[in-house]
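The chains carry the letters A, B, C and D, assigned in the order they are written, with residues numbered from 1 in each.
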Amino acid sequence: MDAILLQILNGLDKGSAYALIALGLTLIFGTLGVVNFAHGAIFMIGAFCAVTLSRLLSLSHPSAEPTGTDFLGNPKFDDVLYVNEWFGETAGAFIIDWSVPLAILFAIPIMVAVGFIMERGLIKHFYKRPHADQILVTFGLAIVLQEVIKYFYGANPIPTPAPEVFRGSFDFGVLLGFEANAIIYPYWRMVYFAFALVLITAVFGFLQFTTFGMVVRAGMADRETVGLLGINIDKRFTIMFAIAACVAGLAGVMYTPINSPNYHMGMDFLVLSFVVVVVGGMGSLPGAVLAGFLLGILESFASMPVMTSLIPGINQIIIYLVAIVVLLTRPRGLMGRRGVMEE
Amino acid sequence: MLGLQAKDFRLLLIVVAMTMLAPFILNPFPVNSAMAQFNAGYPDLMQRFVIFGIFAIGFNILFGLTGYLSFGHAAFLGVGSYAGVWMLKLLTMNVVPAILLSVIVAGLFSVIVGYVSLRRSGIYFSILTLAFAQMSFALAYSVLTPLTNGETGLQLSLDDPRVLGVTQVDGTIPAPHLFGASMRASYDLVLGGWQFTFNVGYYLSAVVLVLAFYLAIRIFRSPFGLMLRAVKSNQQRMSYTGLNLKPYMLAAFVISGMYAGLAGGLMVAMDPLAGAERMQWTASGEVVLMTILGGAGTLIGPVLGAGFIKYFENIFSKINDTVLHQWFGFMPDGLEDVVVFIVHPFIGKGWHLTLGLLFMLVVIFLPGGLVQGGQKIGGLFRRKAPADDSATRKQPAE
Amino acid sequence: MGILEVKNVGKRFGGLKALDNVNLNVMENTVHAIIGPNGAGKSTLLNCLIGKLIPDTGSVMFDGQSVLGRKPHEINQMGISRVFQTPEIFGDLTVFENVMIPIFAKRDGAFRMHAIESVRRETDIVEAAEAMLADVKMLEKRDAHAGSLSRGDKRRLEMAMCLCQQPKLLLLDEPTAGMARADTNNTIDLLKEIKASRPITMCIIEHDMHVVFSLAERITVLAQGTPLVEDTPENIKGHPKVKEAYLGEAAH
Amino acid sequence: MTKSNFTRRGLMKTGAGAGAGLALPTIFTGAVWADAHSGFTNAPQGDSVTLGFNVPQSGPYADEGMDELRAFELAVEHLNGGGDGGMMQTFSSKTLEGNGIMGKKVNFVTGDTQTKSDAARASAKSMIEKDGAIMISGGSSSGVAVAVQSLCQEAGVIFMAGLTHSNDTTGKDKKANGFRHFFNAYMSAAALAPVLSKLYGDDRNAYHLTADYTWGWTQQASIQAATEALGWKTVNNVLTPLASTDFSSYIAPVLNSGADVLVLNHYGGNMVNSLTNAVQFGLREKQVNGKNFEIVVPLYSELMAKGAGQNIKGIVGSQNWDWKLGDEGTAAFVKSFGTKYGFPPSQAAHTCYAQTLLYADAVNRAGSFNPCAVGEALAGFEFDGLGNGPTLYRADDHQCFKDVLVVKGAENPEDEFHLVEIVEVTPVDQVTYAPDHEMFAGGELGACNPGA
């Protein structure tokens, strides 16, 4: 029982990441009809916003006097952080400690800009082109983006810790009457889950309750008709693309303390997020979220030793197995609509 | 000729000429010149060009004709490779049985995958094929290690039984051969500063490519090919015309899977090792990119696309700063450093970046892929020489 | 004895009774029209005839065999061809190829693996296709992309594709829907021509009275899922029940 | 038909002058070549020799690959007489004089393995076929090393393995033309066991997370055998997919399993993530069975330590070499590497540098580039002064035997170069095993292959 609860918890934060990426992906699929292979790269760029901010905050100049010798025996100078000089040691340390949450503010304008530039500069010209061309151009873009990041940040993962107060884990088991250590859960993962819920709610609320959102939803259902109404749907779709980029980017920012970001993390998530979107059903936002959490939880279950001893290798293939079963029993995924991307 | 129209026959002749003369075409620079770095006429890369060409031709029979985008085609290549290596391990180092078994096993596997995946269309089909391939990859890497030798890849060893051949010759593993002609045997032809290499393995692959290409032309021009294009165009009309889509699609899928198996078999015939990464989604994605880059639905496009990508992977990744300094050594020191600094991100470890940029440039400026680029260039010449009557082609080049 | 016999067919969608006890008899070599106001169940009935829907009750017999439970291509192979509301053709192929495909289907059945032979060498098919194109006066457009044809030509091509299968029954689903008057008249002429040139059975589902009365020999009026009357055009014209059913729809 | 295995290039170093291009065609075949030139693949012509350095330049190990490449460049510079000579000064064999190898200037070509067997072989083949490389070195994972090693065996060139830690490289997949300087999983375990016993006692319950591929399995089997010999119990061994990025679902059940030690048989990105996750779950602060919960990472590297950041504090593992070792070989190498690049070398760089010198020296001692002669010179070779103390290149399996370092993540690193500190140098005797040890059984070296 406690093992199952534990894996549900673990599935939730994995699912949060899947759901957030898939949400952005399906927004782009649904509204623009574009197969965006660069979406994983956007997630990665978000993560590197956090890295960049923490680097910026740690900018320093060498101390005036040498403080020792370096590994070659030359005099070594300590790094004096500008933040410490400007705000004092305590405040400086605090700012650096909180660089990941601060990066959310830093990332929003960057991600919006990235989304805007991508859509206006490139994707826009591919709406009417075949999906094959879209795949090629966005795949090329994804490679370029990640190579640029690799050029500046290297291939090695870069540790970006969560603020001190969120390190360590919480013992849920004790709360629920199990023995100690039965169900532990890191604080930051709770934060991530809560953050994901807030973000998902915000996107849904935005689409549900604003006129902008209504038009976009109508556009997702029937682009031509909305176009005929004389509404400038293209401009709205640009904004939608920027929002999708923002969602993926913020998912990336908050993900950095969970796993140190590296330049190919986007590709690692790309295929999975496509599977999530399709299992959820093309063009369905709730489907994407549902499938994200479902696959996250199932993946956690499959990793239980009981399962792997029962079916060796099940943890390797569970996601794909589920995808096959879902698509064979429900032709358009869990909540997909007829006719979207079926040709 | 050979049951082909003049236009197709001409294309076939071009392919024959290109493959047979490849050792010359790919080695345009003298061995000791600075540009020799761009020579691609060594056996391994030439083999790769034609083998991936075969893979892409087969993929194009499915994707180019029917529009069904399989994102798991590398699985068939991988399965074929494993079958081929096992044949080399267990039966004989003669490559014929290995290649045949590769084709058969890949064909059988594609029957299974195709039967299930073809129950859906569009992106749902793509994801189903992707799922099968990823499962194959993950299992081959881990649980199926006894069959696949996991991470390292299935390779020959000194104690393979080899029923119809020898296990080892004086402590070395015999080389794969075609009735005695070793795949690794090569002639070197030296012409002044140039050197050209003629490799047995390459010519075997090249002959197979020509045959595969010829077969592809026949399929494209056959009633079967017409039906496949009809599937792409209008499935509803197709079934209301009394045609059963499923066997047509499955046949196309299996043929294309067998092409992949053929490529896999040739790959292990040239180099008897089958790695699991061959089945990863990136490998499947690569053949998709090759086909689109060259021009999906055209006959020659996929072969060009395959050559393009493999060239960058193998040639650009090997250019390092030392080479750059050699090239630009004639410049004044300061300028040399600046030029090297600018070029540096795009070569060596940056070859991915160059490839990504080229993908984007091609798709932006040549919507029909490289074939369209060729036509544009061809068009320029035709304007000068209007005698050529084939300039007015309505269909996308085939 | 009709070539198409519909007996007691009923179909429900949830609580909605789309078809209720429909009986219909299409006689060989006649043009039979099915008319009715919107929502009368015309499309549902049509879908039951061509295998897209399976009725809850009743039977549909064609040429002595049941069509129920058969797939669209099987029904076509039995001898039923269909013309769609918006022309369904192979837009990416040439006009000539469009016509060849149904001829192949007629000759080779639902599936044949003829992957090596050249299409051009299938002389019987090529000749039949040329003859058909000449018949519908489209020979000069044989190499045009079907997708680039005018709407009228698309309709003409679709008809040609159906006709070259020499169907026992041609089903036409609102063949003039959304057409300008001139195009409609052209289509009527085309259909008349076809009718005059060969023995053929047609079943037309239609909204447009003008079309119906120009072509039909028998008319079934459908309302709220049941056949109201079945009679000759002359008798239908003055029938009070029909007027009642069409009340408020005179504008059409 | 005359045969030559693998063609070669670089024929006309002399007389490649302009007008020669119009000369009558001459046809060289392999056989002519072999007769004229001592009968082995890519026999160096003229006054230079080409080495091939095949390292990951893309993919997750790209940074490690770059460090290997730096070491190779440095080694070539030193061989050719440039720089300060590095470890050539401290190397016990004195045949290297800064005049290249056997008087021939050393050139090198580079390639990208992409950490994929196929790509690595393609890259190595291009070096052999196109560039005429006589030796291939590098690599940053065992799958690639084994694949390239067997290629070199077929082609008839020497393979000097870079970073490869699997038992199989010199175990069941060993080859006569392949040589490994780096240590292996068995040695890691043998070196770690006594230290683990000293630090954590003999009554421990270990929980293993193991990367689900060959290296992971050999690492896990080695460390399990070594710790069980101490009296530790193995609670569980869970295999994790290579593609995993988030290990939470594997880590979460650990605490409740009764285990008080977690062994992470992971490398590279897998290790960085699994360790980060384990620390996130607060395992290090927990008490189980009345003992502090501990984490062990059998194979360490500087780059992994960097990627894992603060999470590695106090975590014990093993290394082949560390720049903080005090011996003069290490000092010389760190000095020349540090001066050239501005930071100390990694163990991957060290092993690549050492392998290049060892190869060059073996050629000089053999007096020939023939792989069989070189192999003979390397097999059973005893040397010192390359940073690991007295070392033996064992003839039975072409594995180097030398001291192994046990290291620990530093609590308060003074800078990013001091992330790990050396706990103990386990002497070579403790990590030596019989050539027919069961973990290494199953393969045979076979005969050396000179190609041609």
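We adopt the following convention: a contact is a pair of C-beta atoms (placed from the backbone, for glycine too) under 8 Å apart; a residue touches a chain by one contact, two chains touch by 3 or more.
Just so you know, these numbers come straight off a predicted model, no measurement behind them.
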Nearest chain to the global Cα centroid? B
Report back the single chain whose CA centre is most distant from the CA centre of chain B. C
When B-D and B-C are ranked by contacting C-beta pairs, first place goes to B-D
I'd like the Å distance between the centres of chain C and chain D, where a centre is the mean of that chain's Cα atoms. 74
Just give me the whole-number Å value for how far the CA centre of chain B lies from that of chain D. 32
Could you work out how far the Cα centre of chain B sits from that of chain C, in whole Å? 47
Calculate how many whole Å lie between the centre of chain A and the centre of chain B, each centre taken as the average of the chain's C-alpha atoms. 34
Chain D, residues touching no fewer than two other chains: 58, 62, 212, 239, 241, 243
Spell out, as numbers or ranges, the residues of chain A touching 2 or more other chains. 316
Chain B: positions in contact with at least two other chains: 138, 141-143, 352
What's the complete list of touching chain pairs for this entry? A-B, A-D, B-C, B-D
Going by the contact rule at the top, pick out the chain B residues touching chain C in the complex. 3-5, 215, 218-219, 221-227, 229-230, 232-234, 236-245, 247-248, 251, 255, 394-395
Complex interface listing, chain C residues touching chain B: 50, 71-74, 76-77, 81-82, 84, 88-94, 97, 100-102, 104-106, 108-122, 125, 143, 145, 161, 165
Chain A - residues contacting chain B, complex: 35, 122, 125, 129, 131-133, 135-137, 139-144, 146-148, 151, 267, 271, 274-275, 278-279, 282, 312-313, 316-317, 320-321, 323-324, 327-328, 331-333, 341-343
Chain A to chain D touching residues, read off their complex: 2-3, 6-7, 9-11, 13-14, 17, 68, 70-72, 76, 150, 154-159, 161, 167-169, 179, 181-186, 188-189, 257-260, 262, 264-265, 268-269, 299-300, 303-305, 308, 315-316
Chain D - residues contacting chain A, complex: 58-64, 212, 236, 238-241, 243, 245-246, 248-250, 252-253, 255-256, 269, 272-273, 276-277, 280-282, 285-286, 288, 303, 306-311, 323, 334-335, 338-339, 344, 414-415, 417
